[in-house]
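The chains carry the letters A, B and C, assigned in the order they are written, with residues numbered from 1 in each.
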Amino acid sequence: MTFTDKLKTNPTALWSGVVLIACALIALPFALAMAGTTWVRVTNLAILFTLLALGLNIVVGFAGLLDLGYIAFYGVGAYVYALLASPQFNLHLPFWVILPIGALAACVFGVLLGAPTLKLRGDYLAIVTLGFGEIVRIFFNNLSQPVNITNGPQGISRIDPFTIGSFSFSQNEVLLGLNFSGPIKYYYLLLLVLIAVIVINLRLEDSRIGRAWQAIREDEVAAQAMGINTTRIKLLAFAMGASFGGVAGGMFAAMQGFISPESFVLVESVMVLSMVVLGGMGNIWGVIVGALLLSFVPELLRHTVDPLQRSLFGRLIVEPEVVRMLLFGLALMLMMLFRPAGLWPSKVRQRELADE
Amino acid sequence: MEIFLQQLINGLTLGSVYAVVALGYTMVYGIIQLINFAHGEVVMIGAMVAFSVIGWLAANTALPPLVIVLIGTLAAIPACVGVGYALEIFAYRRLRHAPRLAPLITAIGASIVLQQVAMMIWSRNPLGFPQIIPNTVYHLEGATITLVQIAIIVTSVLLMVGLTLVVYRTRLGVAMRATSQNAHIAGLMGVNVNQIIAATFMIGAALAAVAGVMVGSYYGIAHYTMGSLLGLKAFCAAVLGGIGNLAGAMLGGMLLGIVEALGAGYIGDFTNNVFGSNYQDVFAFLVLIGVLVFRPSGLLGERIGERA
Amino acid sequence: MNESRILAIGSALVVVLSGCGKNEPAPAPKADAAQELIVKIGHAAPLTGGIAHLGKDNENGARLAIEEANARNIVIDGKKVKFELLAEDDEEKPDRGPIIAQKFIDAKVAGVVGHLNSGVSIPASTVYAQAGIPMVTGSSTNPKLTEQGLKNVFRTVGRDDQQGPAIASYLATEYKPKLVAVIDDATAYGEGLGNEVEKTLTAAGIKVLPREKGSKDTRDWKAVLTKIKGKKPDAVFYGGMDATAGPLLKQGRELGIKVVFAFGDGACTNTMKDLAGDAAEGFVCSQAGIPVQAASSKFLADYKAKFNAEPIQYSPFTYDSTHVLIAAMQKANSADPAKYLPELAKISHNGASGKIEFDEKGDRKNAEMTIFMMKNGKIEPLAIIKGGASVKYEDFIKSAAATPAAPAVTAPEKK
């Protein structure tokens, strides 16, 4: 049942639940801030990765196109923002102008990636998208000569934060007796963007385009026979998925104030793909859960592994970073062995895998 | 001219390494249509085990260097074979019929685990691979070629020939080819499919072990992250040649190595230093994409029609 | 997902949130009843990854300083002070820098020693600046760090625009090359250093080949080296770390490139011997400070006794950075960053690495650069370059012995 159908059956329970969740989400940053502003920053990064996972979900989950270079679009969005709002070219455009430009640029890159890959089957598509991601990153890392565009490995720093008039998103302010730190302000903005993206995704899923994607995913030849223009639909999948990455990238650049090619490596693409697959490919809510889980759990581990080892063994045997990566790898393997459809699979996937 | 010859020699050596690793990828893919992303880490494990064994033998015994290297390689092979077998049984066996992404994610998880375990055992510092065989340099028309380079090229060719013989002249090979064409029917014909698949993984892993020793000796360095980039490039080589195809893997590997060497050497001159050797990897990927656009199944890949 | 599930999720979230406030309350340096003041100092460096051994070395230096300070029972503002070191791993990643910075700020540290990599220190420094926390680095050499105009950033090592010219002019005077090849590893550090070297060489009238680049993981340098060989340079300079410099040197010799190879501090370690074997003999390299061997003998002895290992490279500088923070706090008689920051800017401190004073940008005044050569498998200092003038190492040691080896820390002052 879709969200709107559920609204009609039992509105009271649904709406009270929604109101409760809304209150919790609004109060969340202040609760986290009590434990330290770090946690608000971690939450912001988690939301960014959720945006990325939702974008990748369109490509991988809806349209069934294996993309191992998704982080390139994140990078494009981030660099577009950085180039238009930093001392690099001395341009300081406002963010509501830059973010759409970033999304558009990412779209263009999405089409650039999609165009040569239309005829490729699954595994070949994977390697080409991977190569594309690496090519984009290498360009970021090397476009400092002969013309300095991206400042190479040194990255671009002192990127403008979001500002509306004199209201800056990076300064602390006290409103209504509450301390709104920079990260908290970004949190609310990110939350709004996330909700918008979720709504767009939900509508897309049930639209003609969404169904066309599903058709292509299930059986491309049959879809073509049914009159679907597979070229157009596939390119649309890449472009739309990329645009979400572009927006997320722009916000990332503003929040951090500094970007470098190091943030857009292959490992990150793999991370986003893992979030989608672990969460439940094709299912928007599953993907969100996957993204949040894979963003928060490593951070929690970082904080708890050290004291835990000390209390259990009296000293640090294995560094938190190593434990974190080990657990991550094991989690990926075990999840695929026991729940290959993901934590919260879409109904279609479940049927697919149950039949085998 | 001597520079060109030198680059060619560099490229051939690099390509030989890629080819041996690519063979492992392609064999597994040919049999079960699975990309074993953890293959690069198996190479790394081979290099690390050989590093430890060779180091210990060199320090504590007076055996001749060639024997030490041989023993090191022979020690690395069972280690890698064990890892390969474990991967097959624990990670991939259950996922043979799952959608394509599941074994991919498992492979990625496995490679992460292998890397971390290697880091815990061998520490995170770059380790100097013991250079005990005197690395004589031969001169050839102004270019140099070292003993290690010759050894690598020769070993690769021997391995490729050996593998081809196994696949096309032995019963095991017949069973492997049958399984790769249609596992179900092969099973009906009396082939123990599980065993054959396990054997394929093991042969691939043995190749990886030798490749690990080659890489370690050639660059003189072993590190727990050395497997990922190498695995990626070798995988590209396998795809370039047509994945699933043995000759394709060899061709792809050699081609990729030469393209990289010549690219790094000459891109700068051709583009007037706008694009220099730092774009070497881009060049390699672009060649790959270019080939795939015109021949979507790789250079020697079969033109399979879309399976409905 | 049905309605009751939404309700359940909502209630669960609310419950979790109310409990959330209790975990990890931000600790603060408050005096307890026994009139003790706990002052936290943060240290960040990569403890995992390719240069984890250097990160640990840095941390050890800071830790040694903290222990010494605690043993002296310092009193600030009438209260006995206990110093604590908060050590974090920044994984060499630029985006971990700001996160660790935020963590330190939340934990209310009084100052930070770190980071190690310039690429991580630079983004982290802006976060520290926003919170007003002083940051003293013992190993970040990129000039940009102190060119940002932040008042809270200091460094006890030299800068790459001092180090680059130092090794470049040494190369020019000793080897008199007419053509030099410069390679870098396309990282912020390597590229920056390569640029400085190229600038100095060109200014001295030496021709420099177009830049060749690798990456921080490059092992196969044959293609690049073959290309360079064809151009016949008289010297080769590489900006990068030892993990990639070792293979570079080894393969260069294998290809028959016989000219001198020069490196920066990233490759100026004894690990080069393991990685390049016999090819490592005779390369030159620079470090952005005095050599470890020239650090005060007290520091060397204490380090060896506590950690049962030799200091590797920058631990004397992190040791001094920590002591400089503590000395400033003593001078200002307060651990409040706002109060002791001005004292830090004008401090004059005799440390394990010599006399430390900061200029108006936060750089160390008259920082020394050391030129090394690898002889018989170990790097040996050849000369010290200070203020543009080059002094042979033996003479430097003699003159240092003439001025009495200063105590490691200034005596506590009472205000």
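Everything that follows uses one rule, which is that contacts are C-beta pairs under 8 Å (C-beta built on N, C-alpha and C of every residue); 3 or more make two chains touch, one makes a residue touch a chain.
Please read these numbers as outputs of a predicted model, since none were measured by experiment.
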{"item": "From chain C, the most remote chain by mean C-alpha position", "value": "B"}
{"item": "Between the pairs B-C and A-C, the one where more C-beta pairs touch", "value": "A-C"}
{"item": "Centre-to-centre distance between chain B and chain A (centres being mean Cα positions), rounded to whole Å", "value": "33"}
{"item": "Centroid spacing, where centroids are CA-atom means, of chain B and chain C in whole angstrom", "value": "38"}
{"item": "Centre distance in Å when chain A and chain C are each reduced to the mean of their C-alpha atoms", "value": "34"}
{"item": "Contacts with 2+ other chains: residues of chain A", "value": "141-142, 322"}
{"item": "Shared-contact residues (touching 2 or more other chains) in chain C", "value": "48, 186, 211, 213, 215"}
{"item": "Set of chain B residues in contact with two or more other chains", "value": "273, 278, 281"}
{"item": "Touching residues on chain A, where the partner in the complex is chain B", "value": "60, 66, 116, 119-124, 126-128, 130-132, 134-135, 138-139, 141-142, 146, 219-222, 266, 270, 273-274, 277-278, 281, 318, 322, 325-326, 328-333, 335-337, 340, 352-353, 356"}
{"item": "Of all residues in chain A, those that touch chain C in their complex", "value": "6, 9-10, 13-14, 16-21, 23-25, 27-28, 31-32, 34-38, 41-42, 141-142, 144-145, 152-155, 157-158, 170, 256-258, 260, 262-263, 285, 303, 319-322"}
{"item": "Residues on chain B engaged by chain C in the complex (per definition of touch)", "value": "2-3, 6-7, 10-11, 13-14, 124-128, 131, 135, 137, 144, 146, 219-221, 223, 225-226, 229, 260-266, 268, 273, 276-278, 280-281"}
{"item": "Of chain C, residues touching chain B in the complex", "value": "48-50, 52-53, 186, 210-215, 217, 219-220, 222-224, 226-227, 229-230, 242-243, 246-247, 250-251, 254-256, 271, 273-277"}
{"item": "Residue numbers on chain C that touch chain A, as the complex places them", "value": "1-11, 13-14, 17-18, 20-21, 23-26, 47-48, 89, 91, 93-95, 98-99, 102-103, 105-107, 119, 122-123, 126, 130, 142, 144, 148, 186-188, 190-192, 211, 213, 215"}
